[in-house]
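Structure, as structure tokens:
Residue numbering begins at 1 within each chain, and the chains themselves are lettered A, B, C and D in the order written.
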Amino acid sequence: MIDIIDVGCGNIQSLTNILTLLQVPSRAVNSPNQVKSNTIILPGVGSAGPYMDKLKESSLDQAIKKHHSEGKRIIGICLGFQLLTISSEEDGGTECLGLVDAQTEKIGSNQLRNCSHTGWEHFQIDTEYFNAAECQAQLGLTRKRKLKGRVFYNHEYGVCSTSEDAAHLEIPNKMYAGYSSMVVQKNLIGIQFHPEKSQVTGLNLFEMML
Amino acid sequence: MKYCKKCLTTTLRPNAEFTNDGVCIPCKYSLIGNQTNHVLKLRALKERIKQATSKVRKKGDYDCIVGVSGGKDSTRQAHWVRDRLGLKPLLVCAAYPPLQMSELGAENLSNLISMGFDLMVVTPAPKTSAKLSLEAFKKFGNLCKSTELSLFSTVPRIAIDLGINLIFWGENPALQVGDSATEGVDEFDGNNLRKSNTLTEGGNDWLFDAIQKEYLVNHYIYPDEIEFNKKKISIFYLGPAWDDWDNEENGAYAALAGLSLRPGEEHITGDISNASMLDEEFTNINMMIKYYKFGFGRATDIVCEKIRNGMITRVKGIELVEMYDGVCSDEIIQKYCKYVGLPVEEFWNDINNKWTNTSLFSISDNERPKRRFKIGVDFND
Amino acid sequence: MRVGASILLKNGYCYQSYGWNRFRPLGDLQTAIDILDEYEVDEILIVRPIKGVDSEDSLNIDLKLLSELKTITPLSFGGGIRSNSDINNLSGLPIERLCLSSAFININEGFVKNAINSFGRQAILACLPITLIDDVICVYHSEANELIKLSDEIQEFCMQYADEIIIIDMSNEGNNDYFQMDLLEHLKIPLNKIIITGGVGKNIIRVAKSTGIASSIIENRVLHSENSIDYFK
Amino acid sequence: MTTLNNPQFCSNCLYDNKHPFGLSFQEGVCSGCFTHSEKDTINWGERESLLVDLISQTRKNKKSHYDCVVPVQGDAEDYYVVSKVLALNLNPLIVCVNDYYMNNIGWHNLHNLITHFDLDSLVYNPEINTYKEMVRTTLRKLDHILWPSIALKSSFPVHIAKERNIPLVVWGQNQAIEQVGKFSHTDSVEMSKWSRKEHDLFGYDVDKVIGSGAQIDIRNLNYYRYPNIKNLGHSKVKGIYLSNYFRWDPLYQNKKSVVQGFVPQHNSASFDIYERAGSSVYYEFHDLLKLQRVGYRKVRDQLSREVRHGRLDRQSALELENHYNKSEVDISGFFNWLGVTKSGVEWFVSKRLPKVKHLIGSSENKICQLPADISGLLTNSDEPTREFVLFGKGVSL
């Protein structure tokens, strides 16, 4: 069973749809005591400031940190991934959960006034990538060995990760080099793109992870 | 013309071979064969099938194809493949054009459908088929040549196109009626069917001359070996694995399995089993012409089988052959002439008599050829 | 450049629009979306074609249908989202991006900021149906159901608050391949922020690819033939 | 735009906004009538040359000696389609799926078709127990007894085209355009998995129909499912509708088939003796279920068509619809075929056919006056002698 954090914004529906498609039971949770299963997904549509405020109000942020310290898994998607970093420049600077030693900054802050990244990029990964980061065993190692396809990005802020003990993939597009496409650190997976809306590749990635 | 000592097969049968003490292959085969254990044969067949299908990933939803006509042999085979072998067959019927198909043929296809099979009925362009029948009648004295080609070519063609690599077929032509050219590795193997008498004799050019629309010819062409190997198609005969596979038993099976037969009509069709050639009637004419060509007809074939199985004596056999070999009613011949647009007199005078073996029969206008030899007695003109 | 597909939704049923004035029925939403998933279009835009006043229960029917929609392709939705309460009950929908038209044309800053708050700025699209009237660029204001001049302020406002801007060539909407690329020269908006639709066919897509346009969205025709996307790409 | 739930009627034809294909209105006239009016403005010569170009494209690097598959069921329209295909000098393979509903007239018309035009043909007879179980399931869940045969007829020909490397499938009319004008003729809409699910199977595919409850061996459903569209792309199989390239006028063109040996069938539920002649259920039990499902009988489609072709005014069309709507229907043949007991039929009729129960009886024909324009296009027609023929000879010497 997967717990999906629901703070009233963000497309929980897309996540539940794809999990049901993969016959994986899931449940939306909006208060700490509901968080019971060993995998949490932090969904990803919205803006950092209000999202963090809602997490704090419902003290879900503490529940997430406790969950993480107990070695259970967390998957952060798009904005959910950015909230796992130390802080984000969005909404005039937002202090995040700090579970990943990385910063979230505005994309292309030096170039045009507003520059965002929307579109499909090439994506390639194999299970060795997960093992390298000693990601825990529940990884669906049996089915897919290698995965090659395309994934859908839609973000204005990017995560640049500096820490050594986290394995991370860069966005394979020179306009957005330096920003992480995916970060894996022990029991924590951060995904900048939207796997629940990346069609076949997204399906396969979920199969690998769950 | 010499007769086999045991049965009534003669040396005039194409590709027939005899042992030096004057006995034909099927008799030799039935002498040594009938005490072999059919349970072992069934296991051997299943082994061969597993081998043939192991090296190919099953693509479609069917395990095999069974060539059917709605008649007794093929209905029994389809039934056996599905329920005894436990395979999921696709039945393919290379059907006669609607005008040629008999009412009985349609009923027996309905019966096959009601037994619960996936059945594909493939019919060549009807008018062209009739034209080819007449052409083959004039050229080869065999008005069924085009339908035989269609019969033999359609099942492998569908197998290749649909990617089903296992075909089950009727009886092995070599072992039952002495056509040694197709004797394969063992009695199950049907892979060199392409060498059989029906396919080799006369080649294909006459087809191209007779048909204007060239695209209609392809239906009659037996797929070449490369296509077979590319799709790893293997053909098997089932008869040898059954302990009770013969005309008589299959007739009984058919009567009880819902088929419509032709009891008591041997004087019309000349078919003393009253249970074969149900799906159309013109094959009976062919049997008659074969009789006038080679001195033996279908009655001889059935009688030989009965003699080999010890069901009747050679003497009784001769009596039956004298009465029914070459029998075919005028009504059937008129229907055929109407079907191919041929005046009845031309049927007799220009074509039939031309193919009659004058050393065996004496011919005169507007009369059927008369036999000059005695059944069962060697004869040379 | 992305190549997407657009579908019009009204009273729980899908329609096609020809020349911005004639509608033809299309069919069931989920059936259409399923095939677009299978075609692997880059994105799907669902628009409620509102002309003038929008009826409350028509919006509710459509929102209910959308909440039950299953899709694994990025989805943008718009048309008739005009009040704050509309935004609130959008949260349960499986959509990535929100498309606003009247809000941007009215330069309604408070409303747009509220949308950004709950969806994030990267999820906000402005939709400007435009046409040329004695060579003045006009935009269709759906709330007032009339054409007004597309002022620089509106364009500035869109560039400031919208992540990308959908430009609809009203007169070529339907089935031809004549989207007027020169319309874009009249605009201040940079090409890499523009999504074009309305008369988008194989040639227009080829041209658009070379100009750095963000996305081309095919209307109606994507369902007129099998696996059409491979043909258009 | 259609308002929400109150019915809206077209001012020209008999359709309303409840039509299962959907309908839109403009100044009171429905999209079906609007698109039909295109038939008088389109340059059909241009359309035909477009078709000829398309055909030469598909024939370029084809691997089969057949140019196209022509799906048929042996009714009058197939005669017209085949003669057009031959006029375009295509080499067709005739493909037919046996829906086991054909009567002796149906078998005559099918076998006369392949004999008269002298064409190679392939008739697929689906495994009958699975087929009947599907019919029971769709009758139970969708009030529809033709759904399984439509699923097969709209998918099997495409399978055969793909597997035998035949690049083109030629269909007759596009019902979505002819009835509700869903697309313009000039859109040249092609066959697609979506169009099949939306129009032929109105939103259901096999898995949705059988759900988890149907007692069916899934392995037997191979040809009920549409082929994988990626593979179709590789083997470049394309499907076209002739009604986009020729001015489609069924009554007028179907009459010609009689000269080619087609036998029309009389039925008491409609004046049209050509469309779907040869079926034991189309104008009987199927027509009743259509009334319960969508609220009108087949005759409304045909009357609307004749109004649009100008052979009938709306008022007399309404009167004719009233007349034909009263015709009773004999459903015993169907239930015998399906193997349902007498009490089973009574249960089903009382519980599941409430709205149409009054129309169940024996189908006798009530004569009615038809306008000269229409009766002029009708020839005399036969009554079937044998119903539900699994496989028929059809033609004799």
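Criterion: contacts are C-beta pairs under 8 Å (C-beta built on N, C-alpha and C of every residue); 3 or more make two chains touch, one makes a residue touch a chain.
As the structure is a computational prediction, the values presented were derived from the model and not from experiment.
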item: Chain nearest the overall C-alpha centroid of the shown protein atoms; value: D
item: Distance between the centres, which are taken as Cα means, of chain C and chain B, whole angstrom; value: 68
item: Distance between chain centroids, defined by C-alpha means - chain A, chain C (Å); value: 28
item: Centre-of-Cα separation between chain D and chain A, whole angstrom; value: 51
item: Inter-chain centre distance, chain C versus chain D - centres from mean C-alpha coordinates, in Å; value: 37
item: Residues of chain A touching at least two other chains; value: none
item: Overlap residues in chain B, where contacts from two or more other chains coincide; value: none
item: Multi-chain contact sites of chain D, meaning residues that touch two or more partners; value: none
item: Touch-based graph of the chains, sorted into line, ring, star, complete or other; value: line
item: Touching pairs among all chains present in the structure; value: A-C, B-D, C-D
item: Touching residues on chain D, where the partner in the complex is chain C; value: 1-2, 4, 21-24, 26, 31, 34-35, 180-184, 186-195, 197-199, 203, 229-230, 232-233, 238-239
item: Chain C to chain D touching residues, read off their complex; value: 10-11, 13, 15-16, 18, 22-28, 30-32, 34-35, 38, 55, 57-58, 61, 175, 220-221, 223-227, 230
item: Chain D residues touching chain B - in the complex, by the definition given at the top; value: 65-67, 91, 98, 100, 111-112, 114-115, 118-129, 163-165, 219-220, 222, 389-397
item: Residue ranges of chain A in contact with chain C within the complex; value: 8-14, 17-18, 21, 45-47, 50, 79, 112, 114, 116, 118-120, 152, 154-156, 194, 196-200, 202-203
item: Complex contact set, residues of chain C against chain A; value: 2, 37, 40, 42-43, 67, 70-75, 91-97, 116-123, 159-160, 163-164, 190, 214-215
